[in-house]
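Just so it is clear, A, B, C and D label the chains in written order, and each chain counts residues from 1 on its own.
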């Protein structure tokens, strides 16, 4: 019988956006329970956050090192099963490495690390540890994204010829980092974000979504990055040409200065037999087009879906699922996998993003920055 | 400091739709924990369901009576705080009554009871018990519904003149109750559903939404009900004229034989200064129209919202929240209220549907059936 | 070989909305040419309007009587072929009668006459004259409306069970008739509009659309009319229950005080096999729903259409056609019929609304007013 | 008083798509009358087409040379006022040149000529002739495009930072040119289309729309063209990065192999104060986003429009105008200008695309092809 997994969290103290998202997402399906955390940079703040979350004070730690060591020392049926890392990018690698090396599974926010070198190092560490590692490219958890991927995989769209992807936000249209806004401050700071700004924060989601849905690798890109916010060192906008390994071509546009856009991740994929279109702001709708039939619109748990899409719908058709539910699917599939490992089942690996996706994302960031430095010259990923 | 509330559940065993929804909704905000349940009609099934949910076998009960009595006997810091009732309609009243009389708060699915008499009896029981009672008219938990209500309350739409409401589903287009489908079977059975079919299942949601958003009572209705499914005794369709207490007029259309409709609850409200339009299948959008300004679209956590709407958004604009999140808001506000009571705070009552909404819903069902019997004659609610 | 028809117009002088619409609609397909008119109530104004339209002064008449007589006296290859009547309602019958009795075909705006008696008289006159009579229920000219009708007629939706129709405008939300606005003034005046206000102006369009698409007659209605504008005698709002001849039920909602609505005519039709939905503000899209297949969206000249829909599309898919094009289709089919008559072809009657639709519309208005007078009692049409 | 202009047409015989569009567009506003044409490559076909259009046989010519010479010889009050050129691209320049040199105004379809050299030569000819020349970049005739341009011009969007434009069709997804389809055959043939395929047919519309709305020139592009149809020499797909003269960046994506897309021209423009979004398939809606206000949707003749948008709406809000109406606006403004010239009025030049737009479009095509040849290197327009 599967048991409820115990989660320890690194980051995500009071005022954090993404920490709260991870906690809610982990809670929805009743498979995971938060038991401990190193939520903040000081022990006092961490304890305050943990208590507000209903944790026992004894399991609110001042540092992730402390948490990993002390949890390791607890009895097996008490200690955390895995660590969820929800810190800014520069603090992804250290706790991930230590957790894996101490025998804990890991869920990490993206991009996987600060640098490509760290990502590649982490890939080796994961391999050596034999532990599971999930990366929260949450949008791949959407039912309609699963349907899209399944349709392409089954050949229903034919051979893919053209792709358009976008991830458009407007929240950095103004110099928000010069206010008290903590979310903005670290995202525009190379020390905490790495060499990519919007590239790392949202670009990797778009890159991952393209490759996830099409099952094809992006081979090379030509990237023209923008730094529109006064004084910004990192990109806050990017326009790219892409070429896929099979000869398909396309564009990718990302931005955090697309004023008025909220969280407009979208993709269009055109094949020789059919096409599809999906937007995460309206996630319960997959638009498909066909050579001879009228446009068809799929919905979660609606008519005509593949099993892959049905598997992740929690509620009947017409009951919209959103961002948290898709995020929760990453946790759910990860938890299912952890339990399968515990139970010694040689199961098929459930579908969630892994360290390989993380390395791929870092390569994408590096290729984009290199291309931009060379005036948008074609650059292999 | 608020503490996590302990929930006991009546109904919601394996295969239940709404039980699972209640559990997920209660879990999202981390304020509530399922500790016990009488999930099914036999002890064996109940225990199996409870264990699958990670409960201790000792707290999986064979009957709600057993659960209420045994939990009452547990130490105060262990026993459940409240009972969530997720059974078919005929099994709402008995556990609600018993729970309240044993000092437990109650969350109940709608319609509140099988009959109007029960509803009125329950209203008295709630009053006498001094306990809290929440009814899960979940759609009022949507951020955009809160915004709509706030806009009307602040007079931004002027005086309301016209209303159109609809709740359209198509899942009973075929005689599903003649298959193994459990959801269909009890809904078309007067013994388990009461005198209303679609009226009780979805009509009360529409009625509640109209009164919630406009702050006005429906004064009288003229209802023409349909029973399209072969052999159906209860309505599976209804078309109604409505007159509001302030002189506004409108229509309400409900159906479970509107083939192809998934869960299309929607409302349009027209005033002397502005108008609004909202659909639960696309819940992250509130459409408003104005005498001299262009159409404006509000989004959760987006620009220009009232505090009432901001208060229930969990994630930044553009990150869609759906059915479960709105449902969770009912639980969250209920839990907040329970904790306030525990802490002796004379707080304002948080906003969630109560027994009064339940009685109102039953009166609506009775008025509709009476009107229909009289060939759609005007009937006071 | 078909020849260009010569049109004479009654009404439609400077400042008229609908006269201009008729002229543009008649021009689009190059089958009709405006040659004369009695555009206004005085000869001076009429001549000024005619000259501005490029007409010869000699064919700008001061009264319709003058026009009909003088044109009749012209050589056959010069005189007008038909009269287009675009006056307020009270001025439909007199010129229609005289034109028919003088051997001219007629195109008339709706509602067909001021009173039901006139409509029935006109029906006899048309029959006796042997001339053609078209009524501009323009929305039935839309490609997607033709597709909808064809789908129902071919049984693709199965048996019709439920209908929702609406025609919502907001332009009379304020007392516009108390300003200089000519359009408003006559529409709220029983002497010029007849016994129906919104009923005649837009309600008949909704009624006609229901019967056109479903091929079913509305058997009886229960109408609750509103007169929200201060001092208004005629309805400016209406909510109705409808029962179709085959047992289908539904609602119809019309309004000219639905603030912010522009011209929102829409219909939903639910059958036992499929359903459809269409809105004239977004006319290039027909939404259909199915028992087991996903939602399908048809577009003009797009994939999967019936011949009836293809026949009225002028341009390739994706090139939107709008209000004028649908209006033009009425003229086009009328002109085709007139030419067929001239050429002695015993052709199938092309598809356009006729005097029978006009009589039907008047009966609808009368039934609605009677029902409303009896507190929304069921009233046969 | 303005008089009706007389139009002669080159091309547009039976079976032509665009010829029929020009005729309908020219007819809508009643300002233009077709009087003659050289519709086809043989005199017989030309006469047959002309007679079917209701022309006098004497004015149906076998060649454009014949038409221009013979019309020139007619009395001034009989001869055509201007020539409309609706042939494939390679036949734009010769009749345009001859018409201008014989004193006729010209309306031409786009792209303006076969080659850039011809375009530049034509620009000189137009200048020397003193005649008017209109290019049918029809989409700029849409009311909402006018509104968009006006909003940018008045600074309401602030400084423009980012642009996304697309023009997506799918009709050449299959090798249609190998069938009898005449539309496809010439478009994939360099002899008749020039060096651009999709670039010339639809790319120039996108380029023109960007520059029209933003009032900014595209400075350089990096173009990656596709030739997906087997054996195609010309591009049938293109992905481009663009840089505007003011430092704004963006993407442009065009395609005729985007399977299932009908005629999806769209644009998004992001500024420092506001943003806008428009699609020609849904032309009656302009979506705008703002720093602090909710999204606002403008509609033709709706609330809050600038005069530039109001000027081109023919019918009240909510009555959709489409492709033909926007096309007609080009003709209307051209006709207004011609009449102003006739009347000796030193009027402001009405707003329609001219030879300068034509030269600009050819430069765009040439830059795109050059960039593509150089592996998408940045190329100045």
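Criterion: a contact is a pair of C-beta atoms (placed from the backbone, for glycine too) under 8 Å apart; a residue touches a chain by one contact, two chains touch by 3 or more.
Since we're looking at a predicted model, the values are computed, not measured.
S.K.: Based on mean C-alpha positions, I'd like to know which chain lies farthest from chain B.
M.R.: So the farthest one, by centre of C-alpha atoms, is D.
S.K.: So which has more C-beta pairs touching, B-D or A-B?
M.R.: Top pair by contacting C-beta pairs is A-B.
S.K.: Suppose each chain is reduced to the average of its Cα coordinates; what separation in Å results between chain B and chain D?
M.R.: A distance of 55 Å separates the two centres.
S.K.: Using mean C-alpha positions as chain centres, tell me how far chain A is from chain B in Å, no decimals.
M.R.: Here the centre of chain B sits 34 Å away from the centre of chain A.
S.K.: Indicate the residues of chain D shared as contacts by at least two other chains.
M.R.: 261, 290-291, 295, 299, 302
S.K.: Applying the document's contact rule, which stretches of chain C touch chain D when the two form their complex?
M.R.: 1, 3-4, 17, 20-21, 23-24, 27-30, 34, 51-54, 169, 171, 261-264, 280-284, 299, 302, 314-325
S.K.: Name, in rising order, each residue of chain A that touches chain D in their complex.
M.R.: These residues of chain A touch chain D: 161-162, 164, 166, 170, 173-174, 222, 224, 226, 228, 237, 239-243, 249-251, 253, 255, 257-261, 268, 270-275, 288-291, 295, 375-376, 378.
S.K.: Within the complex, which stretch of chain C touches chain A?
M.R.: Chain C reaches chain A through residues 290-299, 302-304.
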